[in-house]
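In what comes next, chain A is part of two complexes: it sits with chain B in the first one and with chain C in the second one.
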Partner chain A sequence: MKGDKLYVFLFLTPAFIITGIFLYYPFVENILQSFYKTDGFFNSTFIGLDNYVRLWNDEIAREALFNSLELMLYVTIFQVGIALILAIMVNAITKGTGFYRTTFFFPIVISGAAIGLLFTLIYNYRNGLLNEILVNLGLERVLWLTEQSSLYMVAIPTIWNYVGFYFVILLTAIQKIPDDFYEAAALEGITGVQKMFKLTIPLIVSDLKTCIVLAITGTLKIFELVYIITRGGPGSSSEVLGTYMYQKAFEDTAMGYGATIAVLIVVLGLTLAFITNKLLQKEEVTY
Partner chain B sequence: MKQFKWSLLLVLLFVLIGLVACSNDESGSTPVDSDDNSDSAEETDADTEEASGEVDLRVVTTMAGTDPAGEVFQEVLDEFVSENPHVTIENDSQSADAGTIRTKVNTDFSSDNEPDIMFYFNTIDAEGIIEEGKVVNLEEAEDIDLSGFNSMLEQQRHSDGNIYAAPQSGFYEGLFVNEKLFEEQGIELPTTWEKYEAAIKAFAETDIVPIAASTEDSYYVVEHYALAAGGMENYSAELADQNPAWAEGLDNIKKHADMGAFTPDAATIDLAMAQELFKQEQAAMIFEGSWLWGQLEEAEMGEDVTVLPMPVYADGGETGEIVGGASQGWFISTKSYEDEARHDAVVDLFNYLTSEEVIVRIAGATGQPPAKGALEGLPAYLEGGHQLISDAPAVALPINDRIYPEAFTHMRTSVPEIVSGNKTGEQVLQEAVEMEE
Partner chain C sequence: MHTYTKDRLTFWERFQERYFSQSKVGKIFIYVVLTLWSMTTIFPLAWVFLNSFKDSREIITDTFKMPTDPTMQNYVNAFETVNIGKSYMNSFIISGSVVLLVLFIGGLAAFAMARMQFKLRGLLQALLIASLLIPAFATIVPVYRMMIQMDLVNTYLALIIPHTAGNLPFAILVISGYMATIPKELEEASVMDGCGRFKMFTRIFLPISLPSFATVGIFVFLWSYNDLFSSLVLVSHEKVAPIVVLLSNVSSQYGTDYGLMTAAIAMTVIPVLIFYLVVQKTFEKGATSGAVKG
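Showing the complex of A and B:
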């Protein structure tokens, strides 16, 4: 037993060293930077908690936080929800499973930047795809990206981009359910909808939980789609924490304040993952 | 079995030692280690270079991406290398569009990985690098040839009295107007504030957008509206002064947006898309810099466009005052200059890049006024631009070259909120001042 412990320690050490250097060290450095007014390079002044006070009073940061949480809600509900529906539907068919699996998974392999550009060209007011269609139909052009709509317009490609990922996870989970369960239920006279709610979903609940945690924590990392499609605008109506941090740290060279926003993102991510895990804690289903 | 265990442990120990050694090399977990390692690496590099006589140089510039000078610059480097076979040059240029060049340059200089020569903003952006002594005072540097420059060289003089950058070319910003569209619509060119507002009104009634602009990336719009409202005296004020002309300029943007001056999606398009609108003749005017000519020539519409100074309506101001200057220059890093193995190659390359022939060639790609010599056989529209500078009663650098970057970003990114009526110019200016403090 003692020997095993030694092996455990030895095998884990390389991983600890690499994680320490490339993850924990930069994170500690980031926390330290958040106590400075600095461009990250040549000018640095210790200002204590001033950056945190500024973050507390910063209206744009507050808007970015609420936008991130709102986006998280849409993304979690629709990404996992649509993925679940698609997985159940694809599982129900006998022919063409491979085709649908590839089609739904396809957006995952396109880079976020390319999807961002694609949707920029779709939403563009004068030459965009949607407005060209409207004009050809004899209708007026529509301004798709307004202060009221921009967050929804960003949520659409974000959801589309990752539905395939959760679709594959859930489809695999559904396909692992033994046929005996369905056969027994069929003998009991179960209907299609009952089968979904009383059999399939309860049996894949642990996979659903994983998908929800991944969707929630993944939303905090959203950056490129917002940055390319709306640049956080109009105004700051679609600003999220990732784009705001980038703007402060790299465009405004206010690295200290950018680091403070990064701390908020990490704390928020950990808190949300912890809460989600607690809320969704349920006995694992084994079969 | 016991023997096997010990062998396995030994192997793991070696792997561990290897990993630790590698991580020390790469990460520089402490500053001392990092310096030691880089020093020894430099010594090895220098020894190798001295022994072989071969020198590897790295050059960072903003001549990349859509900048038409990028191609010419690479040609110029290739020619230098073919004449100096012992030198190889890595062209590490990056477009200035997204502002990330600042992060790149600062990262390079603060991580002891500075380029040998760079073409960079000699503005507030270079303050830290200059104060740290990371670049050479060119006037005191031996072998550096600073002769033959026009007045742009003097514009590079730092507040400490030294010159750290040699200029390449000057630039001007102004109101680029598509004369063809003005003629077709029978609208007078915007040579005065009244005619400018009349043109906005007239084009707003057609399918042509009066002004191609991004209100989020509203660098040039903000600058020109401040100039129009205040004239050069107020335009050149400090941010801390909270000059009312700047606030009035910002409010004028809203006034004109309400008149239909911009495309309805101006708050979400970027500069490149605004340029596209102008190049596709869907917009009649655009606030831009002299670097736009390269793109207009590519779009074969140079002949249809003319550049005008922003109409100034302020008392004491004069139409003809322009935003411009020479805000970028060639720097030599102190580290390379003091390195015996690289010194000669760096000096040769610097003198070559700042020779009249090369400066004129690079300037020719964009049509910008060169810092040495003159461009010949220029088309009339480019001549017109150069005339703009020579006739200008006053020229000043852009606001964003003079004030704290975060404060200017706040001003320009708040324009959509001013346009939507959520904020006033005065309020935004107040917030920007607080950021600078």
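Showing the complex of A and C:
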């Protein structure tokens, strides 16, 4: 349209000024900061790659990295796995689907902080939900958050929190499969479980892939649940990159080092998303 | 053909087929599993909700029983000792402003991206998609420094501005995707009627695209309302702290006051749950379309 230039400029400027100043600029500045030793304000010295050398030798950072990766493995397998099973099951029934959709999905809207607090109550030694169940059954109380178990104890609420999200994505994908596919399969004598492995799952492979990529990149953003349930402890047994970054940058005021950890999180996220995309590359199905 | 495929079934598959998907037992099994999982989502919240009406001692002694003498004391405490009302206000002021700003600024930009031709369009589109990969961790250090320099830390703006910036790319992409599907004829007709670009936006594209605005609004609200990380850094002072920061403080400072903790959880969760049940359809549709297309 004639005279659009002015409107393009008027309509786009506010959005790109805000994102430019408060999203893109900080992103670049964060990378620059990772080359400085700085508390953020008065002291700032250029130290080249020292922060990266420090990160390489930092044993807690290494533990946080491995914890994040381990968490990623559990979360991806169980979130997407449970969601797939639930979606196939809900698709197989006729009554009560609305109820299950609602109850499976709603944990997503609850803040990580509230879920964290909820699970601290569940794990609590004195009168947590789990120990009360044990006592009622006549068993001994168990200390749930130990160095060995803390990472699993954080993984459980993380999985529980997001299963519903993947459930809805997969259920929608399954319901999009045209009925003629199933009719054709029935004519060929393919039914039941076989139908699931040979028809349903191959047809929703691209949605499964999306779920896996989302689960993997999502795990790198974990912060709330760990921060509230364990604060990364006991020791640093459940420390993840997000909580360690927060601790370094804002509790120990080592902002430059915190920025370095943030760079690691971004690089890791990009690499993993890229690798999963490559590994799971398959021909997309269109109906 | 029939027998051939049957032969290829493993024992486990045949077993499942017989007892799982074909029979009544199978149906019952499915319902049992589904109901068990829905119990895991309902039961903990019901437990918290029930216990929030007991005093801390009764929570310890009779945690699974109905409250014998229901008390509102925990809720009174939540308002008096930790001032949960104030945090509520803060949360709604901050997240509400973020939603309005994102929808207004993002809506305008989406209109330009979807319906106008200009040179940098492709580049900007790529930039928007790339920015979906920027986590809050990667911008927080410089943002914090900027907020300190502008003397904004511990004011509402300290969180409103970065949340707006962080959510704009998502909003622009989703809304412009929706606007791109609106038929060209409508645009031409409105030109015939003498609409300028701005009028065209407010009179035609905004009303037609309302469903996408609703989806984006709901998501942005929840993300902003639930974000603990940026809130801890930028607005941790009691006067401006949103409810998630209060929850985090409750867990570290009042870790033994079970009554207060249960009441605080119930108060954070219940409004969101009601909100969710009201907008459920829009929200789930948005979740799937957004994720699958993105």
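Rule of thumb we're sticking to: the second predicted complex is superposed on the first by the 265 of 287 C-alpha atoms of A that agree within 3 Å, B and C clash if a C-alpha of one lies under 4 Å from a C-alpha of the other, contacts with A are read in each partner's own complex, and residues count from 1 in each chain.
Everything that follows uses one rule, which is that contacts are C-beta pairs under 8 Å (C-beta built on N, C-alpha and C of every residue); 3 or more make two chains touch, one makes a residue touch a chain.
Since this is a predicted model, take the numbers as computed values, not measurements.
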{"item": "First, second, both or neither for A:D4, with chain B first and chain C second", "value": "second"}
{"item": "Comparing the two partners chain B and chain C, which touches a greater set of residues in chain A", "value": "C"}
{"item": "Which of chain B and chain C A:F16 touches, first, second, both or neither", "value": "second"}
{"item": "Touching partner for A:Y25 - first (chain B), second (chain C), both, neither", "value": "both"}
{"item": "Which of chain B and chain C A:I216 touches, first, second, both or neither", "value": "neither"}
{"item": "Which of chain B and chain C A:G258 touches, first, second, both or neither", "value": "second"}
{"item": "Partner chain(s) touched by A:Y125 [first = chain B, second = chain C, both, neither]", "value": "first"}
{"item": "First, second, both or neither for A:F41, with chain B first and chain C second", "value": "both"}
{"item": "Which of chain B and chain C A:V90 touches, first, second, both or neither", "value": "second"}
{"item": "Touched partner set for A:P234, first chain B, second chain C, both or neither", "value": "first"}
{"item": "Doubly contacted residues of chain A, that is, touched by chain B and again by chain C", "value": "10-11, 14, 18, 21, 25, 40-41, 126-127, 250"}
{"item": "Complex contact set, residues of chain C against chain A", "value": "1-2, 5-6, 9, 13, 16-17, 20-22, 27, 30-31, 33-34, 37-38, 40-42, 44-45, 47-48, 59-60, 63-64, 105-106, 108-109, 111-113, 116-118, 124, 127, 131, 133-146, 148, 161-162, 164-166, 168-169, 172, 191, 197-198, 201, 222, 225-226, 228-229, 232-233, 243-245, 247-248, 250-251, 255, 258, 261-262, 264-265, 268-269, 272-273, 275-277, 280, 283-284, 287-288, 291-292"}
{"item": "Chain A-facing residues of chain B, complex", "value": "5, 9, 12, 15-16, 19-20, 23, 27, 29, 98-100, 102-103, 106-107, 109-110, 127-129, 131-132, 209, 215-217, 263-265, 267-270, 273, 277, 280, 282, 405-406, 409, 413-414, 416-417, 420, 422"}
{"item": "Residues of chain A touching chain C in the complex", "value": "1, 4-5, 7-8, 10-12, 14-16, 18-19, 21-27, 29-30, 33, 40-41, 82, 85-86, 89-90, 92-93, 96, 99-114, 116-118, 120-122, 126-127, 129, 132, 136, 160, 163-165, 168-169, 172-173, 188-194, 197, 207, 210-211, 214, 217, 220-221, 223-224, 227-228, 241-242, 245-246, 249-250, 255, 258-259, 261-263, 265-266, 269-270, 273"}
{"item": "Sites on chain A touched by chain B in the complex", "value": "3, 6, 10-11, 13-14, 17-18, 21, 25, 39-43, 123-127, 143-145, 147, 150, 229-231, 233-236, 247-248, 250-254"}
